[in-house]
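What follows is a structure written as structure tokens; I'll ask about it next.
Lettered A, B and C in written order, each chain numbered from 1.
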Amino acid sequence: MTREAVLEGILFAMGTSVERDQLAEAMEITPEEVEACAAALKASYEEGDRGIRLLRLDNAYQLCSAEGCYDTLIKLASRPKQPVLTDVVRETLAIIAYKQPVTKGDIERIRGVSSDHAVNRLVEFGLVEEKGRLNAPGRPILFGTTEEFLRRFQIEGCDVLPELDADQLAEIEAQVESETAKAEATEREQQEMVQVEI
Amino acid sequence: MTREAVLEGILFAMGTSVERDQLAEAMEITPEEVEACAAALKASYEEGDRGIRLLRLDNAYQLCSAEGCYDTLIKLASRPKQPVLTDVVRETLAIIAYKQPVTKGDIERIRGVSSDHAVNRLVEFGLVEEKGRLNAPGRPILFGTTEEFLRRFQIEGCDVLPELDADQLAEIEAQVESETAKAEATEREQQEMVQVEI
Amino acid sequence: MEYNFKLDNFEGPLDLLLHLIEKNKVDIYDIPIALITEQYLEAIHAMPEKNLEEMSEFLIMAATLLDIKAKMLLPREEEEVEEGDPRAELVARLLEYKKYKLLSAELRQMEEGSDRLVYRKQDLPQEVAKYKPPVDLDGLLKNETAEKLRRIFDEIMKRHLDRTDEVHSHFGEIEREAVQIGDRLDYVKEKVRRPGRHSFRSLLGRAATKLEIVITFLAILELIKTGDIRLTEDSTRDDFTLEDNAA
């Protein structure tokens, strides 16, 4: 039996995502070989026009049905609907995804409004989870995204989150940087302004 | 997407077996076409040396993992957790070693708590085995230590288990005897008292 | 109301500000602060009744805008010029916020179709599900010795004895006093005084230890001698019957 076949059988039977390193240990090959093997299997699904797909989720792999089967599948099986994300919630998720690990305070500073509710919803949906606590007064909770987040947005890993269009991003990034320098100056200024107002 | 791919995706996602006629209805093809489709998929799994197999069960179909994956799958799924000898198990072993052959009831009387689980573990470990049955109501199983136990503890035989201190031994032996006598007496008395009360 | 939008649609002051900037087609890096502030205040006046907390976030921004506006109207001192544009911090915040708004839109696109992917539950083949890994006895018994077993057995037996008989919990110290003839005399007299047949065998049988049996026997003999009780043979039962002489 080829390694690809063994990997396929394992991922099929396990159903859940399986860590690369666990696979390496069980298959008695190196993690790099597991990666190569997974890549080959993934390609064979896509190129062979199969009904299965292989997803990489950070350092784990999982099989799922191909999107094209869904219309037929749904006639046979009922499926709980995915929770719908409102703009507020998705915006909060974007901040958590790109800046993780973050505290609720960080998110509030960026959004300018309280984010308690949105963060709670995300935790409830299983898209966000606690990742520890910040070593700061009050020891605020640090939030980050879950594997379910990767599945839902079909992202291979947190390190390969899609960037904005190169143009958009470059523009914004550059501005944010230069503005930050200015902001520090402004802060000092604001303090003075407060004094003036008093 | 080919019919085979759709069938694959459906069987993958459903997990359970799916009736041919249900498949036909959902896929909007004839049952004969489903059969042909399943046969083609089955062949592609076998010829392509895949990790998945297609089973036909009467008029239904189901996917399962290929047999060749089992060994690897076992390593992954069973996640061999090294069992540890808990205090309960160790105590039970000590009692069986010194007082064999004993019934679970004997062990419970000595330890004061149920020893079912511990005895079962010891049998599973191959350190303890059945040595017959006690000629008493319910014919309880008598347990004793195995050869494996002797090997593991480097004991030449159960008659040469390390002795308790001579004093302690005499004391305990005497007490155990009187305990036994007392227990028997109490039992008899209880029976008689019942008569008296009647 | 000039602006045909509902404030409910805005997630916060930054969102509203971005909307105004886009609507007026002005440069985010050169916000006409007077115009935007005016429109912002107009918008929050038109806000439906909201809870104070939600409202306060919009009001804080209004205050900030007014601050900036005032700052820009004031003639600048040299020192301040060095410190830069009073709008700078606001612009930085708007830009960062805008970045995540764009990323959020990106996420929305990526989400499409993900609800069409179906996963499986774990479904292990029987052979795998039934499998139990062999026990590694080497590891399991690494620190076990026969000597240790012996000590454990000792402890268990001591514990057992302590638990099952109070007499033995004071093992060795008061054993001799545990069964006293006086107690047994009272005990037998008390027993015999109760109604019903009193079996010699069962009375002795009730004794827990050999010592108790002996002492109880002596007590019975003593009571017969003093005339407190009498003993009659019960040949049908292969036993004696004890009776209270006082009765």
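Here, contacts are C-beta pairs under 8 Å (C-beta built on N, C-alpha and C of every residue); 3 or more make two chains touch, one makes a residue touch a chain.
Everything numeric in this text was worked out from a predicted model, so none of it was measured.
**Q** Please identify the chain with the largest separation between its CA centroid and the CA centroid of subunit B.
**A** A
**Q** Among all chains, which one's averaged Cα position is nearest the averaged Cα position of every protein chain shown?
**A** Smallest centre-to-centre distance to the global C-alpha mean: chain C.
**Q** How many Å are there between the centre of subunit A and the centre of subunit B, using C-alpha atoms for each centre?
**A** 41
**Q** Approximately how many whole Å separate the CA-defined centres of subunit A and subunit C?
**A** 30
**Q** Give the residues of subunit C touching no fewer than two other chains, as numbers and ranges.
**A** Residues 118-121, 123-125, 128 of subunit C touch two or more partner chains.
**Q** Among the residues of subunit B, which ones contact at least 2 other chains?
**A** 9, 12-13, 15, 64-65, 73, 77
**Q** Once bound in the complex, which stretches of subunit C touch subunit B?
**A** For subunit C paired with subunit B, touching residues are 118-121, 123-125, 127-129, 131-133, 135-137, 139-141, 144-147, 149-150, 152-154, 156-161, 163-165, 168, 171, 196-197, 199, 202, 205-210.
**Q** Taking the touch rule as given, give the residues of subunit B at its contact with subunit A in the complex, in rising order.
**A** Residues of subunit B touching subunit A: 1-2, 4-15, 18, 22-23, 25-27, 49-52, 63-66, 68-69, 72-73, 75-77.
**Q** Can you list the subunit A residues touching subunit C in their complex?
**A** Within the complex, subunit A contacts subunit C at residues 12-16, 53, 62-67, 69-70, 73, 77, 79, 81-82, 85, 87-88, 90-91, 93-95, 97-98, 110-114, 151-155, 162, 164, 168-169, 172-173, 175-176, 179-180, 182-183, 185-190, 193, 197.
**Q** Any idea which subunit C residues touch subunit A in the complex?
**A** Subunit C residues touching subunit A: 11-15, 29, 53-54, 57, 61, 67, 71, 80, 83-86, 88-89, 91-93, 95-104, 106-108, 110-111, 113-125, 128.
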